[in-house]
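Common to both upcoming complexes is chain A, partnered first by chain B, then by chain C.
Entry: the complex of A and B
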């Protein structure tokens, strides 16, 4: 490790993995509640489990992004972090606030939580993914501002690279778009607009910038391909992500009371949205094919390639599957959306965070790469999680197609709940795949503790400092 | 000097063939396949461009059979009006089509560097 302050990332990554485990445990509980409706009721009602599952995802990914930035930026900027103490302080504030919020969801009825956190002073609660009490949202803003100040000052006073500038743009965008969550208009259509300005412009906008920069960084490190080559790809990818993604927000405005022109704008621009993911796959394949070093961290390379492919599959292909207005007329809000959501989040964001953890953790623990046995276990976890996620997606897609047919397409449409009974088999299979995902995650954690002989860069005397 | 130019020409032609194969699988079907066949005609045996042109033709013919024939069989056997038919056809078509696209992407990258698929 070149700079001591990079080690702060370790704190963030450990918290991220811990929260990831929580997210998956609640996912497994939720999956079971789809088929056994009163499972763990009234202790953990379905709506609470769902809220915990999605909120934990967002929080642990934020921990992951922050950890990634704290590891990557000092090295790219060729200087220590501007204020390491601030990064540590914000870590604890974010962790405590996050834990209290999740405990609040689990221990207190949501309406009571709104009351005791004084939501009525500035009402922001009650919207999917943004259920956090207003006070937590203010906390998130404070943490994000401190984080961006710290990262921004490190970048601006050090060496500036395309990777750090793209990353900073993505992080600033993340903070700015979150501010829309504080505006909660009474008009439901307007409310949805501003809600999507947070959710969509995060995951189909600025988060793609963060993802692309993290992927580019890891690929430079593990392949040794010229920075200039990777930077050119990065420019094109982020340009395409923004060109398609910003107006592509329109695909969320179908059938909610927004003007008709959104059907055209949303369809055309979101049909372009697979392009940046397609290019990311091409980019990752290309640089790995042209690699100039045989980096001993095979697991990190596997995660990087997997990120590109799975993001294309989940965000690109499964997004396109239901994004055109005439198709979305039938599929809007069905299990097809859930299928897309699962694979897109896993492929694009979960995997990119695991990629940088896989690359940086061994370095922060004083070695070039994890030992061979640990890497084998880690690669097993990669395949178990990835293949099971493909199956989760396929089962949810099957459920969604059947749901559309029975509930919306058929001449004699069934009610929502009657349809849910008909698609039960898919929910059982999804639960099975979810359990395999959990086993993969447990293996992933075990891989950090597997002992073995250190591996070194083949045919090279490059030290850890030089390669990191 | 001449062999360097020949190599460059072959790599360019191999890249064109791989690109035509990818386009046929994605946004420009049929026309790209015709282009691929035309590129194939210009190549000579045991060269990298010939290898990628043949590979492209094989990928696309296999994809056509695996995607259209199997989907047609599913519809024929499952019945057009059965919801289960569409569960299988749409899921199958989407995932298998994507696998072919990712495969063609890897072929394109290998063609760019003048390599065979696996070496």
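Entry: the complex of A and C
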């Protein structure tokens, strides 16, 4: 580790992994509730479990992004963090606020939570993924602003690289688009527009910039390929992500009461959204093939390649499956969406955060890479989680296809609940795959504690420095 | 350190002018437009009469003038490259600014065309034909602006002596992108304005 303040990332990563465990536990509970509807009722009803599952995901990914920024920005900018104390303070504020919010979801009815937090003064609660009480939302904005100030000052007063500038653009976008969550028009169509301006422009817009910059950073480090080459790829990938992603928002507007031209614009532009992901895959494999060093952290390289492939499959291919308006007419809001959501979030954002954790954690713990045995365990966890996620996705896709047929396509359409019973077998199999995912995650955590001899890069004293 | 000897891009025979990376972008952009054109064709098959009727309301003269402007701009860009190949920086810069002039002319005429359409209350919701006309041409309009920004950046760098006969890959890169913008219009213009 070159700079002392980089170690702040460790706090953020530990919290991220802790919340990740919580997210998966609730995922397993939810999966079971699909087939045993009153499991844990009335203590944890389905809607609450779902809210906790999705909100924890968002919060831990944010922890991951922030940790990643705190780790890579000082090194890229060649200076200590502008205000390390602020980063630590914000960590505790964010953690406490996050924990209180989740406890609020679990301990009191949602309506009571709205009352306690005085939602009436500025009503923002009740929208999917953005269920947080207004006061939590304000907290998120404060934390994000302090974070961006800290990272921004470090970048602007230090060495500027394409990676940090792309990252900063992504992070500023993340903060700005979150502001739309404070505006809740009475008109339902308008309300949906603004909701998508947060949700879509995050995951299919600015988060892609964050992801691409994190991936590029790790690839520079583990392959030693010239920065110039990687930066060129980065420019092209983000240009394509923005060209396709921004107007691609239209693929959410097909059936919400928006003008019909969105069916064309949304279909055409969102059909192109796989391109940047495909380029990312080409980029990652190309760069690893042209590597100029063999970094001892094999696990990090595996995560990086895995991210590129799984993001392309989950976000690109599974997204494309149901993005065209005539297809979406049948698949909208079915298990096909759930299949896409699972693999896209895992492939793009979970994996990129695990990639940077895999690369940076050993360094923050004083070595180039984890010992060989630990890496083997970590790679096992990679395969268990990734393969089980592929199966979760396939089972949900199966459920989705059957659901679309029975409920929307057949001559004699069935009701929603009758259909749910028919697709039960897929839900059971999904639950099985979910349990294997949980085992993979436990193995992942164990990998941090496996002891063994350090692995060193062959014959190099400046091993983890760049060659360029 | 384990240093691997791998070929770099420079060692490969050069098949395409300019930086290799721009070609990824160019092909991706062409794919974007191709899909948009195919969508136009599909929508037209379903409403041939409506498309034919409203196509007549478009200003073909302005469209033709714009085609000439873009082709001329491309010609000037070619001249700029010829100039830099014999180290004639001054005329290279002059040709680049001339092509920027043509690009500006395109933007001006296109804006007049839009003004005329908007003042008749035409918008994306008017009908499918106008939806395609407006979104295709506006998307191309944005590409002309991007192409001009690139040409301007190149012109400024050339002015400061940033390119020579030996090293002018930047100009070739920008020129390749500009030709793409031009090419797309050459397909778009007949497709939307003329073919019946």
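Quick note on the criterion: the second predicted complex is superposed on the first by the 460 of 468 C-alpha atoms of A that agree within 3 Å, B and C clash if a C-alpha of one lies under 4 Å from a C-alpha of the other, contacts with A are read in each partner's own complex, and residues count from 1 in each chain.
Here, contacts are C-beta pairs under 8 Å (C-beta built on N, C-alpha and C of every residue); 3 or more make two chains touch, one makes a residue touch a chain.
Remember, predicted model here, so these are calculated numbers, not experimental data.
*Asks:* Let's test your reading of the overlay: on chain A, do chain B and chain C clash or fit side by side?
*Replies:* fit
*Asks:* When the two structures are overlaid on chain A, which partner does A:397 contact: first (chain B), second (chain C), both, or neither?
*Replies:* first
*Asks:* Once the structures are superposed on A, label A:279 by its partner contacts, choosing first (chain B), second (chain C), both or neither.
*Replies:* Touch partner of A:279: chain C, not chain B.
*Asks:* Who does A:271 touch here: chain B (first), chain C (second), both, or neither?
*Replies:* Touch status of A:271: second partner only.
*Asks:* Using the touch definition from the top, say if A:290 reaches chain B (first), chain C (second), both or neither.
*Replies:* Both chain B and chain C are touched by A:290.
*Asks:* Classify the contacts of A:47 with the two partner chains as first (chain B alone), second (chain C alone), both, or neither.
*Replies:* Neither partner.
*Asks:* Please determine whether it is chain B or chain C that touches the greater number of chain A residues.
*Replies:* Touched residues of chain A are more numerous for C.
*Asks:* Tell me which partner A:112 touches in the superposition: chain B (first), chain C (second), both or neither.
*Replies:* neither
*Asks:* After the superposition on A, what does A:239 contact: first (chain B), second (chain C), both or neither?
*Replies:* The second partner, chain C, only.
*Asks:* In the superposed model, how near does chain B get to chain C, counting Cα atoms only, in Å?
*Replies:* Result, nearest C-alpha distance in the overlay: 5 Å.
*Asks:* Report, in rising order, the residues of chain A that make contact with chain B in one complex and with chain C in the other.
*Replies:* 289-290
*Asks:* So in the complex, which bits of chain A are touching chain B?
*Replies:* Going by the criterion above, the answer is residues 278, 281-282, 285-286, 289-290, 309, 312-313, 317-318, 321, 390, 394, 397-398, 401-402, 405-406, 410.
*Asks:* Using the touch rule from the top, collect the residues of chain A that touch chain C in their complex.
*Replies:* Of all residues in chain A, those touching chain C are 232-233, 235-236, 239-240, 243-244, 259-261, 264-265, 267-269, 271-272, 275, 279, 289-294, 457-460, 463, 467.
*Asks:* Touching chain A in the complex: which residues of chain C?
*Replies:* 1-4, 6, 19, 21, 24-25, 28-29, 31-32, 35-36, 39, 43, 124-125, 128, 131-132, 135
*Asks:* Which of the residues in chain B come into contact with chain A in the complex?
*Replies:* For this pair, the touching residues of chain B are 83-84, 86-87, 90-91, 94-95, 98, 102, 105-106, 108-110, 112-113, 115.
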